[in-house]
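Chain IDs A, B and C follow the sequence of writing; residue 1 opens each chain.
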Amino acid sequence: MQESVLVEREGMVAQVVLNRPERLNALDLAAWRRLGALMEELDGDRDLRCIIMRGVDSRAFAAGADISAFARERADVAQARIYGRTVHAAMEAVMRCCHPVVAAIEGVCVGGGLELACACDLRIAGRSARFGVPIKKLGLTMAYGELKVLMDLVGPANAAEILLEGRIFGAERAREMGLLNRIVEDGGALAEARATAERITEGAPLVARWHKKFIRRLLDPTPLTEEEREEGFASLGTADYRRGVEAFLAKRRPEFRGD
Amino acid sequence: MQESVLVEREGMVAQVVLNRPERLNALDLAAWRRLGALMEELDGDRDLRCIIMRGVDSRAFAAGADISAFARERADVAQARIYGRTVHAAMEAVMRCCHPVVAAIEGVCVGGGLELACACDLRIAGRSARFGVPIKKLGLTMAYGELKVLMDLVGPANAAEILLEGRIFGAERAREMGLLNRIVEDGGALAEARATAERITEGAPLVARWHKKFIRRLLDPTPLTEEEREEGFASLGTADYRRGVEAFLAKRRPEFRGD
Amino acid sequence: MQESVLVEREGMVAQVVLNRPERLNALDLAAWRRLGALMEELDGDRDLRCIIMRGVDSRAFAAGADISAFARERADVAQARIYGRTVHAAMEAVMRCCHPVVAAIEGVCVGGGLELACACDLRIAGRSARFGVPIKKLGLTMAYGELKVLMDLVGPANAAEILLEGRIFGAERAREMGLLNRIVEDGGALAEARATAERITEGAPLVARWHKKFIRRLLDPTPLTEEEREEGFASLGTADYRRGVEAFLAKRRPEFRGD
């Protein structure tokens, strides 16, 4: 049996590939679990500097949850709680993963697929990609955790539009709403995600991890501790900082090592 | 005497009509009170699925507060407190009303009129609609409650632009700022609001109410309780959820009943 | 020796001029200190109604921190803490200054220069201005305080783009992200900032100060006290409020005095 989520390594960049092409990469419970476990594994690999998330082919990033499995996996509130926690744990694993995660989006990006894309740090889409969360037609709400991730990107009025109207919309509207960092020609999302990953890997890796962590942290309104504030100065104690400043003053390209 | 705010019913949709045409629908204290009371009444009517708010004619959504009444109603800080609480209570009634509220905006939408539009869930405007909060010319500030509602949509820099410069601006700039979900041709805002209401009424009504409630809740930084988080799964216990999934799998249109 | 930051007065408007042209106005520790002290001084001057911040010539608003001084001023974590607190204190002085601050941006606006621009209330840029925070190349992170100021304007996805990719980008992209209120022709930022300052000075000065203060306050998620909420009604107790309403009803231009 083919795995629902694959990982491919290319030097310092890993690709996480959503791989249920027969379902436009809709994720069932097992796939969400596998995704969470893989993200935790990649988090532990400090040789990595960036992760790209994508669908296995250009027809879809992910078509959301696998509704044909709902009768089995999400039939009542008790199951919904387990299902919801599993989805949320997978998204948390993406957001807590120390490495920046770039979503390369082609084709369908709806429902749980859109939520998953929102959990990534950057989103790049092909021009014909399609977005939406039409769960009003299923009689289903988004849980608070996922809704916050969406609202952090698009704000309350766009979230209301997405959830109350429940329409499918194009990349240009998605970009206007704040869902996308940029749009490229169809079929070009992976290439642009790779170029983005390369820009990220050229920087100091600890700095990328700190910046991801700091940005995520500031989305939580809980006041920062003194210890957390201090971490904002920790980069200046690294060897990479000395390498970076030396390279800058010598007008050469820095070679960072992550220490 | 003609009522300052009217309600018209059309099946599952109610229209709340701001009706002081001689003042471009500027609201005085009595009108704000009436608006609040009507919104509470509509909140209690569970046969409804959506509310449209609009001005009585295409010259104005609302021209803000009725400044000619200020000498009588808002003459000092003590009156201001009462006035402010009344306005805020009306806006809270719009935001707390369980039904989604769509603002259909033509013509003038300034001052308290803009604040009121911001309290709605979605905003659709005709191309020539005009926006602004020129209260710097009155020597008057927005109160915290209303300012938060504005900032939740447009952020601090646009709020500063609106309040510090105090200019009147067009629909395109309003849309860029985040004030509008979409712009239509002049005179077309009500038709588009109706089409939007139809999309909303096609979805499961409890889902629409939960989504509105959840989005509003997340604008409050107070941490969610466990009970609130649980409500994010409650939709899966509804009959409409079963109807929705069945209809999806059978590839037919669901008929939701709100249970 | 020429001062690193100058102040020029023009009636009710002061210009704060970043003046290290040999370094594209990159600020060293002494310049950040001077900037903070000047802003506090201007804060105390209640004859002022608006401040414009700009670079001394059209080549730069500010090129960020002075990296050539890092070996001396920012060599380790202990120095970084002092340096960071000094930068933060200067930015806080801009944000806490009672007068609205308008950034007039031409040319380079990167690193600490961009952070400083973000601390202003409004940002106007010439079309060819260049933006970015390429500190990933230095092995350096932004501290939490400055990152929050950036994220309050551009949100998490754009902040991730700016910091993780570390590219230099143009005014149009900066505007899309939420960094700019408006773009003007090259060389026109100061003129537009002056026109903006004039619009601001025409309004009631206490109202401008309250609005700035209220907007800043709402960026802090700590709940408002009852006393703070009350301040939202204080404008109605001012003489300028009476002048403003009288002028409005008489259809003449109000003359505000700040009392």
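In this text, a contact is a pair of C-beta atoms (placed from the backbone, for glycine too) under 8 Å apart; a residue touches a chain by one contact, two chains touch by 3 or more.
None of the values given here were measured: they were computed from a predicted structure.
Shared numbers divided by all numbers used gives the overlap of an interface; between chain B and chain C this overlap falls below half, so the copies present different residues. Overlaying chain A onto chain C using CA atoms gives a rotation of 120 degrees, to the nearest 5.
Measuring from the averaged C-alpha position of chain B to that of chain C gives a distance of 32 Å.
Residues of chain A in contact with at least two other chains: 221.
Taken together, the chain A residues at the contact with chain B in this complex read 67-68, 70-71, 74-77, 79-81, 84, 135-145, 147-148, 151, 155-161, 163-167, 221-222.
Here chain B touches chain A in the complex through residues 100, 121-123, 152-153, 178, 181, 196, 199-200, 202-204, 206-208, 210-212, 214-219, 221, 223-224, 228-230, 232-238, 240-245, 247-249, 254, 256, going by the rule given at the top.
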